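Should a chain be cited, it is by its letter among A, B and C, assigned in written order, with residues numbered from 1 in that chain.
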Amino acid sequence: MALIDIKDLHVSVQGKDILKGISLSIEAGEVHAIMGPNGTGKSTLSNIIAGRDGYDIKSGSVTYDGQDLLAMEPDVRARAGVFLAFQYPVEIPGVSTSAFLKSAINTKRRAEGKPEIDAMEFLKLVKAKNKALGIPDDMIKRPLNVGFSGGEKKRAEVLQMTLLEPRFAVLDETDSGLDIDALKVVSDGVNALRGATRAFLVITHYQRLLNYIVPDHVHVMAGGRIVKSGGKDLAHELEAEGYAKYLAAA
Amino acid sequence: MAASTQTAAAVREVEAYKYGFVTDIESDRAPKGLSEDIVRFISAKKNEPAWMLEWRLKAYRTWLTLADDEPAWAKLHYPKIDYQESYYYAAPKQKPKLNSLDEVDPQLLETYKKLGIPLQEQQILSGVAVDAVFDSVSVATTYKKKLQEMGVIFCPISEAVQTHPELVQKYLGSVVPVADNFFATLNSAVFTDGSFVYIPKGLRCPMELSTYFRINEKNTGQFERTLIIADEGSYVSYLEGCTAPQRDENQLHAAVVELIALDDAEIKYSTVQNWYPGDKDGKGGIYNFVTKRGACRGKNSKIMWTQVETGSAITWKYPSCILQGDNSVGEFYSVAITNNHQQADTGTKMIHLGKNTRSKIISKGISAGKSSNTYRGLVRIQGKADGARNYTQCDSLLIGHTCGAHTVPYIENRNPTAQTEHEATTSKISEDQLFYCLQRGMNTEEAVSLIVNGFCKEVLQTLPMEFAVEAQKLVAISLEGSVG
Amino acid sequence: MVATGLLDHPFKEGYAARLGALPGAAHAWIDGLRQTARGILNASGLPGPKNEAWKFTPLGELSKIPFIPAATADDIDVREVPRGVPSIPGAQRVVLVNGVVNTALSDPLDALPGLRIESFKQLLVREPQTLKPFLGGIASSGALPLAALNAAYMADGLVIMTAKNFAGATLHIVSIGAAGAEPLAFHPRNIIALETGARLTVVETHIGLPGQSYLANPVTEISLADNASLRRYVSVAEDADAFHFATTSVALAAHSSFETFHLGLGGAKVRQEVRAALNGAGADCCMNGVYALTAKQHHDLTTVVEHHVPHGTSSQLVKGVVDGQSHGVFQGRIHVARDAQKTDARQLHKALFLSKGPEVDCKPELEIFADDVQCAHGAATGELDREHLFYLMARGLDRDTARALLVAGFLDEAVATISDENVRAVFSDMVNGWLKRRGV
């Protein structure tokens, strides 16, 4: 059984059709990539998976680990192991990154019937992860995402992912705004999490990221549909040829 | 100089009628002062039906009770107005006809040139007799006919009282009630003329109303009254005023404008106000006390006010929106420029009553010389306005250190699901910007004009195209002599 | 001479007569201050909705309550400090009951050399000339009706004065409102004067004992000499039926600094009005605050910052949460005079609705007469940001936890500006305690 199974998903926003029949099935252990030009519904798909409201789901289904994902609240999904690395992580003044991280880790631990993490253990854990991701330790003392540079925000998203150890992670344009060094660090963080029980959906505009996070399957999205699927070579093909022919087809 | 001699002459002339006017209905002017008789006189002059006279009298009687309620909260200073020293009715005077532009005051011509006003319009504006071939009056007549065929009513309000009394009776005073405020009540008693517009259901009025008429407008006097009704699903864009400098013998102006947008209707009302601001020492200039208000009565309706205020010695003006219909939208875009001794206290009111109503306020104030420029605005969200939104941005620019720029917003929210957001800044033109322009070869005045126009861009671009171009030039002219 | 007529309004008949002779009445200038104030009150009465400065907080309902002077109530006996009063580490405590210094509950007043703490009443009688440079000169009765009311009846309060370059101390002033069988009113007059280069931290806890209604109407005049630095942290948690109208006026000399934080947690009707005049170049004023309201509480925070000279800086951050049927008001005026070039003045007010029912009114105001300045204000009202809520929930936090974290964070942004660590911790606890009690 696929870990996540999207069937003929139709979604509109304020009367405008955005997703026009998306079907996608991802097994545990797989990494899928969705590529496509801007405005084709890639971010809509990631928001639907994470449970953001404001979308009108007209038909279709999303099943996660055998459960109806669309019926679950966003926090229930997260505790069940669904993670979205946001394209634009929001800045939340006043809420410290460390208080937030601790709260998120403990909520998950409680859900799993584990004891809460103590302050020392938490600091040790975060410091270790920070080091791997090249994040300065004082970043967690700052308010959540406030004043972070584009690159810092993306690193912080990956930090959260490694701390929360999701079963299914969606990376929405995580490469945008990253320089080559940061891109490598972030990719290493993702690759370290790859394993037989986890699945990833990597959404990107450029092939570049996929040199570092090598996908098992690549899908081209245009006009609210998946117009072509293939292996990792499809990404190189797109890089060479561009999206024009798919746009015309859509 | 000429104007004041003329005024003096007119005053003498009118004084002569002082004692015999009541019986002399044929007279062109009412004597000085305000009384029930004067109100009756105005009504009789316009041959109004009894209901209209009653309405005026009610307003007049209310006004008498408001004697102590002349608004004093605005940041405006002017000598107390003696309302018995004003004239409330005078038939429009024929401007003396000139034979060519050569006879026009060269300073005025220079201003026209700077504004980019076409030659024919210059001639009409300055009262030069125009060759029939180029007479835009005929152009206007053509368009008027076309509008009539589409069911648009566009005429002087005095005419509408006669021809469409049911519409006037239904809507007049329905947005700005007779007892609304001191100046509006005064206007209700003595208004002389103004525009009436009715756009029928479903019609998107294909032309900017008054674009083609603005230079032919009759002198509507100091107590203008405008009523615009956009029936269900209709759209109209209305333009008022003129970028060319306007002089008027009457110092006191108190206009009222009422807009009504029914379901799915949209009204766009643009104003360029360039009344005589007084001289460099603050002598003379128009006192402009205006009540403008629109009711978004229907669901999904929209009213958008744009104003470019550069004239008048005193401006007291708050074009407002009452957002009654669910999902209705109110917008206010304003540029107010004060120079020399001008004083402006202007802004808007957005009253959110219906669900999911939205409002947006963009105000740009520029103060120079010894002037005072105040933004005053109210955003009120009533308890039933679930999901209402307001965004307000007020920016002030000071040019020189002898002027004042003030921002006085009132935000009242009674609904937790509503969101209001207000931001305001005050600053001067940055040295860096100025230096950059100078380094590229502009002189200071050009640089200031460029920077100020950039500062106002968000507002100016909401104006209809040809108006926007003139307004940009007007911004520059209004600030002449304020720098260096 | 005691004036009658309107002056008794809104108090019980004969209010002034019951007070008898007020301290310092023998001195013409003090009597003059009182007479002027009475004249102003008699002429205009208490502010109503037509008074622009009081339009959101009209005081009409006060006329229905027959307040008696607190000093004449003989059934008040406060023997201990109420439990809700926090302990401020290292602070010297001074306790006032209904505006009168209670030496039994206070630490010794003369404990610190260089710091003079006295009862206003005693000083007024003993050496009024010490007060003359400050009294009525910083908070003028003219434009401030409640300051006029205070001036008319001021009988006691606290005077705090430092020596030059006083190196710093923390004072904790606990002001207890205690009503007996009848509703009562008190009008304490406080003076805080810091000499050149002196530093001081003052924490004020205004708290009420449950019982009848009372009206606390303190006026505090603060004078900061060159390079002086005052931190003043005020919390108001009055009894549910109590009225509290506090006027604070601060005069800042060159390079002095004033940091203040106002925490408003209730009372029936509360107004905290803080006015700062930056009279010396390079002065700095920071006025922050939090209000958290529930039930039918009405809270008004009004600030006026006047920049009179160049190179002044001021900043304000005020956050409010409203619940129940409460009414939050924020008014903030920044005035920059013609000569106050290079002023940098900023202000931000944000209010968060926790439920359907409350009202928030806000009037920020910029009044700018100098061109080379940077001035800005912002104001926002609304619910929690849905994007924020979604982000937290997408990380697994349930709705209530996410909400609590966001509301606490919203307020903490303001509390975190308190530069004194001990006070920050105490105020943070008070805010979080309030949120917990409300189940946020």
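The rule is short, and it goes like this: a residue touches a chain if its C-beta (ideal position, glycine included) is under 8 Å from a C-beta of that chain, and two chains touch if they have at least 3 such contacts.
Just so you know, these numbers come straight off a predicted model, no measurement behind them.
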Reference subunit B; chain at largest CA-centroid distance: A
Top-ranked pair of chains - ranking by C-beta pairs in contact: B-C
Distance between chain centroids, defined by C-alpha means - subunit A, subunit B (Å): 54
Separation of subunit B from subunit C, taking each centre as the mean of its C-alpha atoms, in whole Å: 44
Intercentroid distance (Cα basis), subunit C paired with subunit A, Å: 49
Partner subunit B, residues of subunit C touching it in the complex: 52, 338, 341, 351, 353-383
Complex interface listing, subunit A residues touching subunit C: 50-53, 73-75, 77-79, 83-84, 86, 89-90, 92-96, 99-100, 103-104, 107-108, 111, 143, 160, 164
Residues on subunit C engaged by subunit A in the complex (per definition of touch): 385-388, 390-399, 401-402, 405-406, 408-413, 416
Residue ranges of subunit B touching subunit C (in the complex, touch as defined): 73, 396, 398-428
